[in-house]
Every structure is written in C-alpha cells, then in structure tokens.
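The same subunit A turns up in both complexes below, where it pairs with subunit B and then with subunit C.
After this line comes the complex of A and B, so read on.
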C-alpha cells in the first residue's frame, strides 16, 4: 500500500470519526443526523430483516438493466455513427450540448408512455447514460491505429467480424471510460427517478422515510447507496487500471 | 454557415420525429412541437413564468459563482500540492458518481426550505467537475512555467494571476462548461424538492397535475437556454484551444 492510500484511508476515517463524535456529543442534534455507527447497525438490521429487500432488488435490477442497455446500444450506435462521417459531423454539436439538457424534465412524458414502474425509470436512466457511451465509443474508434483497420481489410473480414475482432479489443480501454460513466449515470438516473415519482425502489424508500420522520431508516438507506456506489466505483477502477496497463505494453 | 447546415437539418429531423411520436401516442401524452411553442409563448405573457425564471436565475447565479470560485481555488490548491491531489482525487471522483439526490433530506435539514438549499444543491453538483478539471490542468501544465515564475521571484499571488490561471484557462473553460450544465441540473432538482418557486417547482407541480403542455413548455425553454449557453461556451472553448 502506498502513502497516498494510507493518507486517504486516514482522512476518510478521521472524517467519519469527527461526525461520530459530533453526533455523540449532540453538537449535531439527533434530529438532523444520527451517528454513522448507528446508521451502519441499522442498515445491517434492515438487511437481515429484509424489510427493504423488495425496494433494493427493484432499484438494482433497474440499474443493471439500464446500464446494460445503455452500454450495448451506445456501443452499436457509436459504431454506426462512426461509419457515417457526414452524419457524425452533424451530430457532434448536439452530442456536445446533450448533458446541458436536464433530462429529468422529460420523466413525466415517459410515465405517460411507459406507465409507473420499470419502463419509465429504465428509459430515463438509459437516456442519461447512453450518450456518454456513444461519445466514448467515437473517441475510442478514432484512436484505433490505422494499421489495424488495414489488416482487417487485408484479411477480408466482414463488417461484423471487424467490429468484434478488431475494433472492440482495440478501443476497449477508451470504451471502458464510457462504461464507467454509463454505470454512474444509470445509478443516478434510477435513484433520482424513483425520488421524483415511483412506488418502489431505494429512492422512493428514502423519500418515504424522510416524509415520515423515520430518520434511522432514511440514513441507513442513504448509507447503502453511498457504500454501493463506492464499491462499484472501486471495482470498475480496478478493471480500468488493468486495461490501461495492457495498453501501455 | 455551410458548416452548420447538416446540424440544422438534423435538428429539423428531430423535430419531425417529435411530431411523429406525438401523432403515435396522442396529445394527452406528448404535445406537438407547434403546440408546445404556442403554449410557451402564451406562458411568456404571464407574470408567473417570469417570476419563476427570475427565482431560478438568482439561485443559479449564486450557485454558479460559489461553484466557480470554490472549484478553482480548491483545484489550484490540490493541483499545486501533488500529494494532497493524489489523496483527494479518488474521493472526489467517488463523490461525483454518487446520485446526489439521495442526500437531499440531509441538505434540507442543514439548509432548510428555500434559496439556500437550492444553491447548496447546485454547488454540490457543479463544483466537483470544475475542481477536477482545474486540478488536472495544473498537473499537466508544463513545469517550466512554474520554474520561470520562481526565477522571476514572483510572489504566490502574482504567479497565480500571471502564470497559473492564464496557463490553465482553456481547461477551466471546459470545466466550467460541464459545471454550468450540472449546476443548472442541481438547482432544478433542488427546486423540485425544496422550493415553492422556480422552474423546477413549476415542472414538478405540472407533473403532479398531469399538465403535459406546461411540462413540455418548461422543458423546451430550459433546453433552449442550456443548449444556447453550452454552444457559446463551446465556441469560446474552441477559440482558446487554438491560441
């Protein structure tokens, strides 16, 4: 372990310790924040009693589905756009402005189209995540050395074979950047949509607990979101570093 | 202008697709582009819309200035001090990936209903990208600049304003472009949950009433504002990159 990770762990531990101390000494009133240790204990008891298993499964199911849909369709759309340079030139300014549009505004329209439930939540999450994947695919394909493309032509590979055997592996490190963003955006899209309008899911459960002053449930679920985002991020970063190392070779 | 023609055609195609979708699923679910535009224009005649736009603009202005100052100051500090930067970066990236809506009960408890929690939401969303862009720009800056500043015996403040900031200006603009969009999103989400005023509240209120024309009109207004500001910053960005 290097010095940075040690310092980082110390910093995070000190921060959590500070909050714990402030809560225990009632500098932060228990109405506002409960101590982190208590949050964790409550989270463990919630998981063991299975009170929120339905909501947790609902949210994670949605996140997994929307991340997969966004990553796979984003990759293929990116491939298609990349093979049409004129269309791409027209599309690029729109892609650059895409994330300036607050996508959540369109959520009610999706609710009318898909109904309350999986469909509209997945739709908004995919909408949020897919463009990051398209952009990453375009960048990745741009960076493929020309010689690889030529070898594919020499070997008379079909369009599909070229995509699968040449373009995908060569662009993988860049694509993975897109995957990381797409996963983060799916997470944000799913949880936020559940907050705004939904009958189940972690986001809904947090909003419900907040409205009913169940602050221990609320903080336990918030902690669950924080921990799962951190773990998923750490896992993705681990794979990312391995891919980057492969590119260095 | 020749350059923008394909994009313009694509926008027309998108509007046509909107119209087709409207015809397919009916006016109850999605109003047509023309209906949305006329509804927006009739809304623009009311005082209510402008009051809400003003509220959102005020919250956004506060949030953006805080995010900008905080992001650049912290970014410069973390960029100059390599160890601090290396320690903080993964934490910041993780904070960036968290769905910040989850924290809204906490923000409400800390800041209460109203302007301050909207601003806090905006800053939470917008500051981290600006910070990360600034930090990485300083790290990738050519070391000779700082050594020159040292040779010329510039004070830290002088080297900040005459060396560091001019050197990283293009990256700051890129960071601000991203931060702008996210701050706007943050302020709107804050208004959706924590406010009785502003465009976000208007949208969420219309959602509750099932008032699709108003939702679409607000969405159109926000999209036009966001895309216009973004395109302007993109142009500035390109100009700075070519220097």
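After this line comes the complex of A and C, so read on.
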C-alpha cells in the first residue's frame, strides 16, 4: 500500500469518525442520522436475519443483467458504428450530449412497455450504461495503432482473427474503462429505478424505510449500497491497474 | 534490369546480378492518393520498374516524403498499386503473399504479450510445432540480445529493444522476402552497426531477399548489394548504385575507401533531391 492509499484511507476513516462523534454527541440528531457504527451493526443483523435477502437478490440480479446487456450490446454497437464512418460522424454529437438527457424521464414509457418490475428497471439501467460502453469501444478501436493492423495483415490473419487476436487485446484497456462505467451506471440505474418503478429491491426498501421512519433500516441499506459499490469498484480498479501496468510506456 | 529516370527517360543498366533469378518485379508501378483538402489526386510513387534478384540485399534511400514507405506497402501487398503490377516469385500479388516478412518503422510489438510470446506469435499462428517454436524463439532471443528480457512486456523495454523484438518476430518466420522500413531508426549508432552485422549474417544464412528502406546513407552503403536512390515526390529511382561488396561482409567495410566513394555518390544524388524538398517547404 503506497502513501497515497494510506492517506486516502485515513481521510475516509477521519470523516467516518467525525460523523460518529457528531451523532454520539447529538450535534446531529438521531432522527436525522444514526452513528455509522450503529448502521454497520444494524446491517449485520439485517443480513443475519435475512429480512432483506429477497430485495438484495432482486437488485443485484437486475444489476448483473443490466451491466451484462449494456457491456455486450454496447461493445457490438460500438464495433458496428466504428465500421461506418459516415454514420458515426452523424451519431457522435448525439452520443457526446447523451448524458445531458435525464434518462429517468422515460420511466412512464418503460412501465407501459415492460410493466412494473424487472423489465423496466433493467431497461432504464441499460439505457443509462450502454452509451459509456459504446463510447469506450469507439475510443479503444480508434487508439489501436495502425501498425498493429498492418502486422496482422503481414501475418495473413483473417478479419475475424485480427479482431480477436489483435484488435480486442489492443483495445482492452479502453474497453475495460467502459466496463467500469457500465457497471457503475447499471448500479445507479437499478437502485434509482427501484425507488419509482418497483415493489421490491434495495431501492424500494430504502424508500419504504424512509416513508415509515425506519431510520435504522434505511441507513443500514444505504451502507450496504455504499459498501457494495466500493468493493466492486475496488475489484475493477485492481484488474484495471494490472492491465495498465503492462502497457504504460 | 531497368529503372525509370525522373523526367520519363528509361535507362537500362547491365548489372552483375543480372544472371540471378528475379524474385520480385515491379512493372510500371504507380501509387496515387486523393488529397483530403481538395479531393484531387496526386502521384506519390512511380512509374517504377525494378527487379530484386533472389538473395539480393537492396536498400532504398530518398528524401523525406518521397514515397519510400508507399513503395514498401505496395511491395508487401499491404497496398495495391494504382497502376502496374508487382510480382513475387512469378505471381502477381494482390494481398500479402506467403513468405514475406515486414519490419515497420513504428513500434509494432504487441503490448499485451511478453517478449517471448511476441516473437513466438507468428510461429504459433502458423502451426509450427512446440519444440521448433521454442528452438527458433530461443535462437532469436539470443541473437537479438533479448534473452534476459524474455519474460518482460514491451512497456518495460527501451524503444530500441522493442524494435529488436519486432525484427526477431519477423525473422523467426524465416521469410523469403524481408522488407524493412527504417528498422534501426530508434537505435544508437554503435547498436545500428552491430545490428547491421547480425542482419547480414542472417541474410547470408537464410538467403532471403532483403529490401531495406533507410534514411542513413552509411547503413545503405554498408549493408547492400545495390542501393536505389529515389527522387522527391513522385518517387522514382534516379540512380542505382552497386556496392560490389563480397557476400561475406560485415560492418568493417566502413573503413574501406570504396565505402567512402559509395557514400559520396549517394549523397551527391540525394543532396539535390533533398534541397528540392526543402525548397518546396520554404
């Protein structure tokens, strides 16, 4: 662990410590925020009793499906768009301004099309995540040095072999950047959609707890989301660093 | 052997290698591109007539932008000529033919593979059996001075070492025609001379035909049987210099009076063309 990581960990620990102290001394009233240690203890008890197991499985199932759909379809759409330069030129300004559009405004449409439940939640999450993957695929393909394509041609590789053995590994660091974003957006899309589009899931459970003044449950579930996102992001960053370390010149 | 002189005149030269087997033949080859700004066509190369004989070491020198790399793309089958034809081993080529190896000017090492796997990449793809792959890779690692870096990734190597990986990757395939575009550009002078010796040794051992594109006149003069001097755009051969070196030669030829004469002749021709290019830029 380098000095920056230690400092970062200390900073987070100090912030948590400060919140803990403010809550324990009632500077922040218990109705507003409970101490982080209490959140953690309550989360452990929720996990051990299995009270929210169905909601957790529901949300994580949706996140996995939407991330998978966004990554795979985003990659292939990126490939297709890259092979059509004129179409790409027309599409690129739209992609660039895509995240200016609040995707959630389309939720009534998705409810009409998919109904309340998995379908509409996954649709919104995919809609949110897919463009990050398309953009990363386009960037990755753009950054492949032309000399690598020439090398493949000299080795008399077919288009498919070139794509699989040369272009894919060459573009992998950029694609992985897209995967990281797609997972993050899927997480946001699913949890946020569950607030408004679902009768189950972590997002729904947080909203339910909030509406019924169940602060312990609400904060414990929020902590669960934070811990999950941090762990997933740390794992993806670990693989990303390993990928980049081999290539940085 | 014939080659086109700038201005349209065609001169036929009798050369000592005339009796050898033609390996690569370019007949009236041209290559034109469309200007991005005006969409007008401009001639980058030719028309060129050139024959490389089997087992010959031929170098091409010329001012920047004269079409040397375009010539290599056309020769390797990476680009099609706008007109004319290129024949390799008696067959007209339309794509990269079997038996051709290319070393590019840019770093073409695969950053996701170790040095060993980079060198073995083409061999494994071609279905060469494991022990033979190991044998050839071990030999290449040795002669390229990369043995201690076999497990390293290209990112961990200097530019010169990465280029050596690319040269090794090409040579282990034992191509019958080796095309090299400024392969030693990233190397220091001493390493260039030594790499030149290694290249000559490999050339003798494999009897491959070599076409080397270089900016370095001394490199061309030292390594080649013949040196073609190209004009500024559109690239044409304006002179063809026979070095007269023995096949069994090495970098020590640089200390002979003949080397100075060859260098002087090459520079004499190239100086005029380079000045034309510089004049066009001012």
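Convention: the second predicted complex is superposed on the first by the 242 of 249 C-alpha atoms of A that agree within 3 Å, B and C clash if a C-alpha of one lies under 4 Å from a C-alpha of the other, contacts with A are read in each partner's own complex, and residues count from 1 in each chain.
Operating definition for what follows: a residue touches a chain if its C-beta (ideal position, glycine included) is under 8 Å from a C-beta of that chain, and two chains touch if they have at least 3 such contacts.
All values reported here derive from a predicted model rather than from experimental measurement.
*Asks:* Output check: A:169 vs subunit B and subunit C. Expected answer is one of first, second, both, neither. What do you get?
*Replies:* second
*Asks:* Please work out whether A:112 is in contact with subunit B alone, subunit C alone, both, or neither, and reply first, second, both or neither.
*Replies:* A:112 contacts subunit B only, not subunit C.
*Asks:* By the touch definition at the top of the document, which applies to A:22: first (subunit B), second (subunit C), both, or neither?
*Replies:* Neither subunit B nor subunit C is touched by A:22.
*Asks:* So in the superposed three-chain picture, is A:156 touching just subunit B, just subunit C, both, or none of them (first/second/both/neither)?
*Replies:* In the superposition, A:156 contacts subunit C only.
*Asks:* Taking the superposition on A as described, I'd like to know which of subunit B and subunit C A:44 touches: first, second, both or neither.
*Replies:* neither
*Asks:* Which partner, subunit B or subunit C, is in contact with more residues of subunit A?
*Replies:* Comparing touch counts on subunit A for subunit B and subunit C gives B.
*Asks:* Should A:145 be classified as contacting the first partner (subunit B), the second (subunit C), both, or neither?
*Replies:* In the superposition, A:145 contacts subunit C only.
*Asks:* Identify the residues of subunit A that lie in both the subunit B contact region and the subunit C contact region.
*Replies:* Looking at subunit A, the two contact sets are disjoint.
*Asks:* Which subunit A residues qualify as touching subunit B in the complex?
*Replies:* Residues 3-4, 7-8, 11-12, 31-33, 86-87, 89-91, 93-94, 96-97, 99-102, 104-109, 112-113, 184, 187-188, 190-192, 195-197, 203, 206, 210, 218, 222, 225-226, 229-230, 233, 237.
*Asks:* Touching subunit C in the complex: which residues of subunit A?
*Replies:* Touch residues, subunit A against subunit C: 145, 147-148, 150-151, 153-157, 161, 165-166, 169-170, 172, 246-249.
*Asks:* What residues of subunit C sit close enough to touch subunit A in their complex?
*Replies:* Spelled out, the residues of subunit C in touch with subunit A are 76, 78, 95-96, 98, 100-102, 104, 106-108, 110-112, 121-122, 125, 153-155.
*Asks:* Please name which positions on subunit B make contact with subunit A in the complex.
*Replies:* Against subunit A, the touching part of subunit B is residues 4, 6-7, 9-11, 25, 28-30, 83, 86-88, 90-91, 93-94, 96-106, 108-110, 178, 180-182, 184-185, 188-189, 192-193, 203-204, 206-207, 210, 212, 215-216, 218-219, 222-223, 226-227, 229-231, 234.
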